[in-house]
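These are the structures, in structure tokens.
Each of the next two complexes has subunit A plus one more chain, namely subunit B in the first and subunit C in the second.
For the complex of A and B:
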């Protein structure tokens, strides 16, 4: 196992900077996820680490070695692909054997490694089948097995769960996490699914437009997002982001969100407002930071129900705050308000975030 | 089943025209050829005479026919092998992501797009011993003194014909294999590169097994096409000189319409049919297997 360092790596496709100066230091035995929307550069970054895509700038170090110029086979990595990339004409056993055979590992050792990997993944009974005869989940296990037999320094995973159905995905998520801990492996995992990233990773790199927007633990990303993008990407439902203007009324600063002029009660929000560079800001509120309260509660704001979305254990209510559709959690799971029903909401100011409207950066 | 047939009884008449055409053009000539192969058909008389297996016996004892069979084997094997190798290499080439390959791909299809008749005539002139452009060029460069009789000299006829067939048929192989190569998922090569496979190993471990059905189908189509190749040989050499370039189909044509020995020609046709049906079975098997496996 080994640590991995990306030092200012760049990939250009014509004028497009697909990966734009990404730097990450990944510790030994760490589970790091690259997450972001389609086209953010996460898969390209992973393929650059694998050596499948050449670098246009920067360096990649695995352990102490600069591998930037090395072939994929010489980087001591194994990769699991989104569509598994199992060799269709080879049996499961031959698929697992293939990387060992290519590396001229003697047959006895190879057979032992295959047997160990198939035991870990419970695929011993599938060894003589062809990939076509396996279910998606089984194929995924074989793909993991092909990576495990190599005993590589780093595991690279390219959206390995996105072809599975929702239920299996949750199950395999747990298994991969468990596997990583059991093997004490350094794992770099790519996904567009922030829940996968949050549940599996030690640290997450949120990417957008070829850049790392924030690199930190799931808690850090959730509780201290660097910018509007991270705030809106991490968390389910995503953070409510309401454009607002700082206005002075009667000597104190207030937040004007559309028709609503909100007077913050706490020093925390006043501090944030004082630090804001311009008048235009974005107010960030998680769904749980907006509470439904009894009519007439001091400091509350009035809106109306747009829709109600019961999910079983939580009921979400959609409502317009300052011309922005926001999602809040109803304290009463059985709440079934109808379109236009009045809502009285109170903002938990300790959990209010402010972002600069121009740069999108968080104001701390 | 019977209920189904009764339910659709008014649908059946619609099949009749197609069945009629097939019967007239395929079934009748097929059985009539088998029938004729047991008869002698002297051109001087209107009747035909039953001769049993005499026609077959004559074929097996005829030295010319033995030469024709040998020619057919050489022609079919090398006429398949050469275009196959050139076409495979061309497919691998055009499958690369290189600049200008779209143009090259288009250019390489030209021989295939050209009809056999004009192509054969053109090549007959190109290879002509006295007026041919090849001989002419080599002579004006001072490389040779005498003309090269490509289509007259025994040792040059078959190689020349096979060369032309290669030029004419390799684009077919290229198109088929190029299509096959396109269906191999890129991820397999990526996985193989990470697994430590060299380019050579990737070719043998991924490309060839993934193409196996397309390779089989292409080879069979080419082979069957070559065994039935009449136009090119008839125009280029007419099977001559001295049957040196005669293959079974041209021999059948000459036996039928030049010497008017329909019985003997029919017997040869039946033999050719039996050989081709074996290859066709391989072909259909490969085709259905590739359909089942999705390539």
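For the complex of A and C:
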């Protein structure tokens, strides 16, 4: 296994900077996820690490070696693809054997490695079948097996769970994470699903527009997002982001969110407001940082129910705060308010985030 | 009329029409087969007979052992047709395979124009190319040679082969080559080891189609060959009619033998052929 360093890597498609100066230091045995919306450059970055896409700038180091100019086969990596990319004309055994044959590994060792990988993934009984005779989950295991037999320095995973149904995805998520820890593998994983990223990773790189917006542990990204993009991307439901204006009334600063003028009670929020560069800001509140309270509670704001979404263990309530549709969690799972029912809400100011409206950066 | 009866009536009409159409298409072939076994006098009796009264193999004997040396024998025509069609097929596949892969996988300047040019050739009738090709072949000294005919046949067989194979390559996920390259192949190695085996049915379809096109071709073969020893079967068939004689029996026997390989080939590959034509039509 090995560490991986991306040093200011760039990929251009005409005038478009698909990957725009990405730098990451991934530790040995670390599980790192590149996450972001479609077109953010995460898959391109992964393919650049694999050597499937040439770099237009920067360097990639695997271990101590600069692999920027090497062919994929010489980078000591293994990759699992979204559609598994199993060789359809070969049996499962031959699929697993293929990378070993290509590397001229002797037959006895190869057979041992195939046997070990198939035992780890519980696919021993499938070895003589063709890929089309397998279910999606089984194909996924074979694809993982083909990566494992290689015993590579780095595993690259390109949205490997996207083609599975929701239930199987959760199961395979657990298995891949377990596998990574069991093999002590360095793994770079690409997904657009932030839940996958949060549940599996040691660290996550959130990407947008070809750049890394933030690189940190799941807790860091959730609790201290660098900017509006990360705040809105990480977390389910995503953070409520309400455009607001800083106004001075009666000698103190207040937050005007649409029709609501909110007077912060804590020094924490006043500190943030004082640090704001301009008048326009974005207020960030997680669904749990807005609480439904009894009517007449001091410092509360009044809104109405838009919809109620029970999910079983949590009930979400949608409501407009400052002309922005927000999602909050009801403290009572059985709450079934109807359209227009009054809501009294209190903001947990210790968990209020403020972002600069212009740059989108978090104000700390 | 009940719904069931209406359905039965509908099926009857449809099947009757299909049978009629099949008869219409098959009649000349059946007549050809029938005539090839009739004696010369029976060929012209009125009313015509479908089943020969005194079946004979004299016409088959005649075409294999001709009395006039100058007219060439069926064996020579058959060999020429077979050799030229076979070589055209091999050469077309050797060229079409990498060409169609490139059209399917790579982006390069002028790709669309090049692809249009390949397919655009098929918008013109073959005869348009005959005179320029004749001049070219004369300059190259390829008139009355196998090379001349094979190269000439490539001009119309290659475009369809490229088009058919491109459809196959388009249907193969690019991730397979990527996986292959990561697993230890070069780009060419991944193509040969992983992609080519998957296009076997495409190659069969393209190959057989090329073979049939070359096998059936008449115009080029007529103009680009001179001696009887270079004639292909379609050209040879025309020599059953001379200024003074019309050898219907010989013509029908030759034509019947000429059709057999094509029919057999098509029966074997029709499944691949349909797959090739509909490749990429639906999401796999």
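Throughout what follows, the second predicted complex is superposed on the first by the 364 of 364 C-alpha atoms of A that agree within 3 Å, B and C clash if a C-alpha of one lies under 4 Å from a C-alpha of the other, contacts with A are read in each partner's own complex, and residues count from 1 in each chain.
Note that in this section contacts are C-beta pairs under 8 Å (C-beta built on N, C-alpha and C of every residue); 3 or more make two chains touch, one makes a residue touch a chain.
For clarity, every value in this text was computed on a predicted model and none was experimentally measured.
Both complexes share subunit A, so when I overlay them there, do subunit B and subunit C fit or clash?
On the shared subunit A, the partners clash.
In the overlay, answer first, second, both or neither for which of subunit B and subunit C A:146 touches.
A:146: touches subunit B and subunit C.
Looking at the overlay, what does A:119 touch: subunit B (first), subunit C (second), both, or neither?
Once the two structures are laid over each other on A, A:119 reaches no partner at all.
For A:280, decide between first (touching subunit B), second (touching subunit C), both and neither.
Once the two structures are laid over each other on A, A:280 reaches no partner at all.
If we overlay the two complexes on their shared chain A, which of subunit B and subunit C does A:268 touch? Say first, second, both or neither.
Neither partner.
Per the contact definition in the header, classify A:72: touching subunit B only (first), subunit C only (second), both, or neither.
both
Could you tell me if A:83 is touching subunit B, subunit C, both of them or neither one (first, second, both, neither)?
Touch partners of A:83: subunit B and subunit C.
With the two complexes superposed on chain A, say which partner A:361 touches: subunit B (first), subunit C (second), both, or neither.
Neither: A:361 stays clear of subunit B and subunit C.
Subunit A residues touched by both subunit B and subunit C?
47, 50-52, 71-73, 77-79, 81-83, 85, 87-89, 98-99, 102-103, 146, 150
In the complex of these two chains, what residues of subunit A are touching subunit C?
Residues of subunit A touching subunit C: 47, 50-52, 71-73, 77-79, 81-83, 85, 87-89, 98-99, 102-103, 146, 150.
Along subunit A, where are the residues that touch subunit B in the complex?
47, 50-52, 71-73, 77-79, 81-83, 85, 87-90, 98-99, 102-103, 132, 146, 150
Residues of subunit C touching subunit A in their complex?
173, 175-176, 178-186, 194, 197-198
So in the complex, which bits of subunit B are touching subunit A?
185, 187-188, 190-197, 201, 205-206, 209-210, 212, 293
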